[in-house]
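Listed next: structures, encoded as structure tokens.
Both of the next two complexes hold chain A, though its partner changes from chain B to chain C.
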Partner chain A sequence: MNTAAIKNPSWFKKIGLTLLLLTHVFAFSLVTSNADAHDATKIPRLANGKPDFSGIWQTTSAADYDLEPHSNRKDAPPGPGIVEGGEIPYLPKALEQRKKNFENRATDDPALKGFTLGVPRGIYYPEPFQIFQRARDLNIVHQFGHSVRTIHTNNTEHPEDPNDWWLGDSRGKWEGDTLVVDVKHFNDKTWLDRSGNFHSDALQVVERWKFLDPNTIEYKATLTDAQVFSKPWNISVILHRHREKNFQLIEDYRYTLDYDQYYPPKPDQK
Partner chain B sequence: MSSKTIVGALAVLGVVAGALPANAHHAFSAEFDAAKPVTVKGVVTKFELVNPHSWLYLDVTGPDGKVTNWGFEFGAPFSLKEKGVTKKTLAVGTEITISGYKSKSGQNYGYAVESTFADGRTVKTGGAQDAPTVQPATN
Partner chain C sequence: MDSNLGKRQHAFSNLMLSALMSASLVSVAADENTTSPAQEKKPAAKPVETAPPAQTRRPREKSFPTIASGEWTGPKLSDGQPDVSGFWSNTIGNHGNLTDPQGGVIGEARRTPLGPRDQRAPSRVSDPADGQFPFQPWALAKVKEFQVGFHNPTYPGHVEPNARCAPGGVPKSLYWHGYDILQYPGYVVFVFDNGSRIIHLDESKPHLPEKLKLWNGDSRGHWEGNTLVVDVSNHNGKALFGRSGEFISENATIKEKYIFANDRSRYNYVGTFTDPTVYTRPFTITIPAIKYTRAEETDGWNLEARWAKHAGKTQILEHDERICHENNGGFGIGSAQR
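Let's look at the complex of A and B:
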């Protein structure tokens, strides 16, 4: 073969071309992996080195229509669902309630009354929310309903004498660059989506927040509720950073809509 | 602070309170009937410490031995906490006597003006500004 190659100059050309291609591919892969490494180190961080989730975020997922896989219907686009394994493991009695909720969703969804969305629904509800973060806590402001949730990251525990909060009580800890949040002490007045998936006041949510890149968060949560579900189950959604120029939250406080007619006050109104 | 300022501050409070949802946060007169005073004694089945109003549910045994579950509106969790009322005070199974008013709807719920706990304490548990004081029950 060597002799043939020497005899035939086209072999040199072929080998040369192959080497050139290989070099290019190798060089390109180097550039790409460098870029990845660069992005990974570029995620925003607080002065203490922890990832900084500050910003305005929103999912593009159809999760709020129905957490489970569903085809299109008159009040919802289709969606693959965000439940790991597809179905929520309801206890038999709770499944009956979920079916009733589904039938009455046009009137019974607490979000339609302007109620606080709860956790985790506020995260994948199709409206933006903003995170303000410092070393000791993260404060999440939801556009819908003006709800404000504090995730404490100062190594404190849940209160010993809790209320039944709409957004529960959130205590976070860092596992590397992942923020793990334990949320409990809820009331039973919120739903998990507009299709009637629900929980009791025994709900416990463990969230995992992680940057995929500087503008994308992977949000995962495990839901446990012995009164409603036969076992814990998991959801996962991607959150995107709003980067539109001058983007900001706009008040969406449904309770005040009935009073809008009185504002601004007119001189002839008493 | 002059009385004018106080009136002004109250008026502002009124506007803020008025902006809250009618179906969740309301005046006494919107839901309850001041002409239907009620006193019930029973055992706590659930105590929801929820804003803007807490709710206490209790099983009441009637003269005929029939058990009925009643729900009573309490004040906001923080105001109850200030009076020493927490989840532990009214754990499931605790005995309680409530004096208040029935709902306008006639269903088994009402407004708790004051409650007497198993330890003998009597506490103002209602939170509405326009609620009347306790009257002898007509139930």
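Let's look at the complex of A and C:
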């Protein structure tokens, strides 16, 4: 074979070309296998082909302590904030209210009463939530309060005569592999974080949920509220899938802690 | 509609507060099956959007069919579970009285006399055969004390915890308001008006450590044909069974069967409770339930869902967020301390 190759330079060329091709194929396969990890086809999907966000998720960010950039405080770790541009564009009067809220945060944060966290706070609150998903909707169970939020993905619309809800009314649509959710009809009783950032009942939130990889969701939201903010503003946070073995939500109905000692009756109780 | 729930709760809360303040209001402690004067004073701020013009109200059942455990011949979900998703409700009464569900709250003044016992729905206790809870003497004494204290509380434990929007727990959540059953691969999820309950179908997943005690316990289950079989541990025993005050301790274990009819119109809950701390023997509670398929049948209590707004032709039922504690009025000793 060697002799033949020497005698026939075209053989040599052919071998060289084959080697070159093989190398290319190998190099390409490296690239593609690397790309596979980020390939959109590898994310979990429902039978209808839509991304399947089912699972237990949680942020590692310090967003709930303060959405805006903040140094460490006695009651908060430092954080760069998750607001695009850094600051929330409050109207002057609303900014005064926000300052008051901040001063009184140790008592006035509705979450301290175990109240439903609202949208988007429940998403970046530092307790896990579980997404249960099927074609017609996503149901989000928050460990905190075990409150349940439904995002309808069945082409239904916001109701015509809505109430003001704690979690608003969520209607989702798919834009490619991104779930876009329009949330409105809120009440004004929830805060956006424990530092006193707030909203009115005119709040509208548009969320964008997208897989970065099978175990990571990029969550973005645009908040609009003409009574409180001078313009819409955006937040962005990463959600991580809980992968600990046998991880599960544990109900956290902390509003019962003030009185649950009185139940049930006990033999030695007078 | 949940603000309606909130208002109902608020009205009830005010009643509880009144009851705390004054024994003279005993007679207005509202049975949720009727509208109390206090409730009438607090109409919904907005008309219920979905209240249809021709609203009908389903009567309470006085008896109900037995459903045999067996094969499932109805529709299945892609993971093989019988498809029983939807809005469900108990059929014979709420949590006023466990052993005589249509007999009114024990110790409450009645507007009309009760007829013969056999003309009302049977006790929810289906075993023992006498329909009574097999209490140990100390526990029976506590229940009797509660039944008096419920109308004139002298101790925080006399307030029925559900009135404070504590989760109804097991099994009471199933005869409180209507609720959703949601199903996903590996899970059956109950969403109640106060609280929610996740049943894990992966039984290789161990129960939570024993030290953790929960209002709704920790549930593992599997399907046997038409029957969802569930094992409940980690129950905190804090949710009383109803206004008649029956209870279990945190040492109880519960084996549940949810036996569904193949036409998916109804199921029977059959739960066996074992608790040597409180009872002399295990006992069984049976709760009949029906599936709710018509928004026109709303009654603002058990059956409350509405038609979704959409351009399509099929009718889609949906339910507003289920919120209780946040909409509840200030009342009771717990909140007074806040």
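Just so we're on the same page, the second predicted complex is superposed on the first by the 227 of 270 C-alpha atoms of A that agree within 3 Å, B and C clash if a C-alpha of one lies under 4 Å from a C-alpha of the other, contacts with A are read in each partner's own complex, and residues count from 1 in each chain.
Just so we're on the same page, contacts are C-beta pairs under 8 Å (C-beta built on N, C-alpha and C of every residue); 3 or more make two chains touch, one makes a residue touch a chain.
Just so it is clear, the structure is predicted and the values come from calculations on it, not from any experiment.
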First (chain B), second (chain C), both or neither touched by A:Glu175: neither
Residue contacts with chain A in the superposition, chain B compared against chain C: C
Partner chain in contact with A:Ser147 - chain B first, chain C second, else both or neither: second
Partner chain in contact with A:Asn155 - chain B first, chain C second, else both or neither: second
Which of chain B and chain C A:Gln133 touches, first, second, both or neither: second
Touching both chain B and chain C, residues of chain A: 113-115, 161-166, 189, 255-256, 258-259
Residues of chain A that touch chain B when the two form their complex: 113-115, 161-166, 187, 189, 201, 255-256, 258-259
Chain C residues touching chain A - in the complex, by the definition given at the top: 1-3, 46-47, 49, 78, 138-139, 142-143, 145-146, 155-157, 159, 161, 164-167, 182, 184-185, 187, 189, 191, 195-196, 198, 200, 205-206, 208, 212, 214-216, 236-240, 247-250, 277-278, 306, 308-312, 316, 318-323, 325-326, 332-335, 337-338
Chain C partner contacts - residues on chain A that touch it in the complex: 47, 54, 113-116, 130, 132-134, 139, 141, 145-150, 152, 154-167, 189, 246, 248-251, 253, 255-256, 258-260, 262-267, 269
For the chain B and chain A complex, residues of the former touching the latter: 18-24, 48-51, 77, 81, 86-88
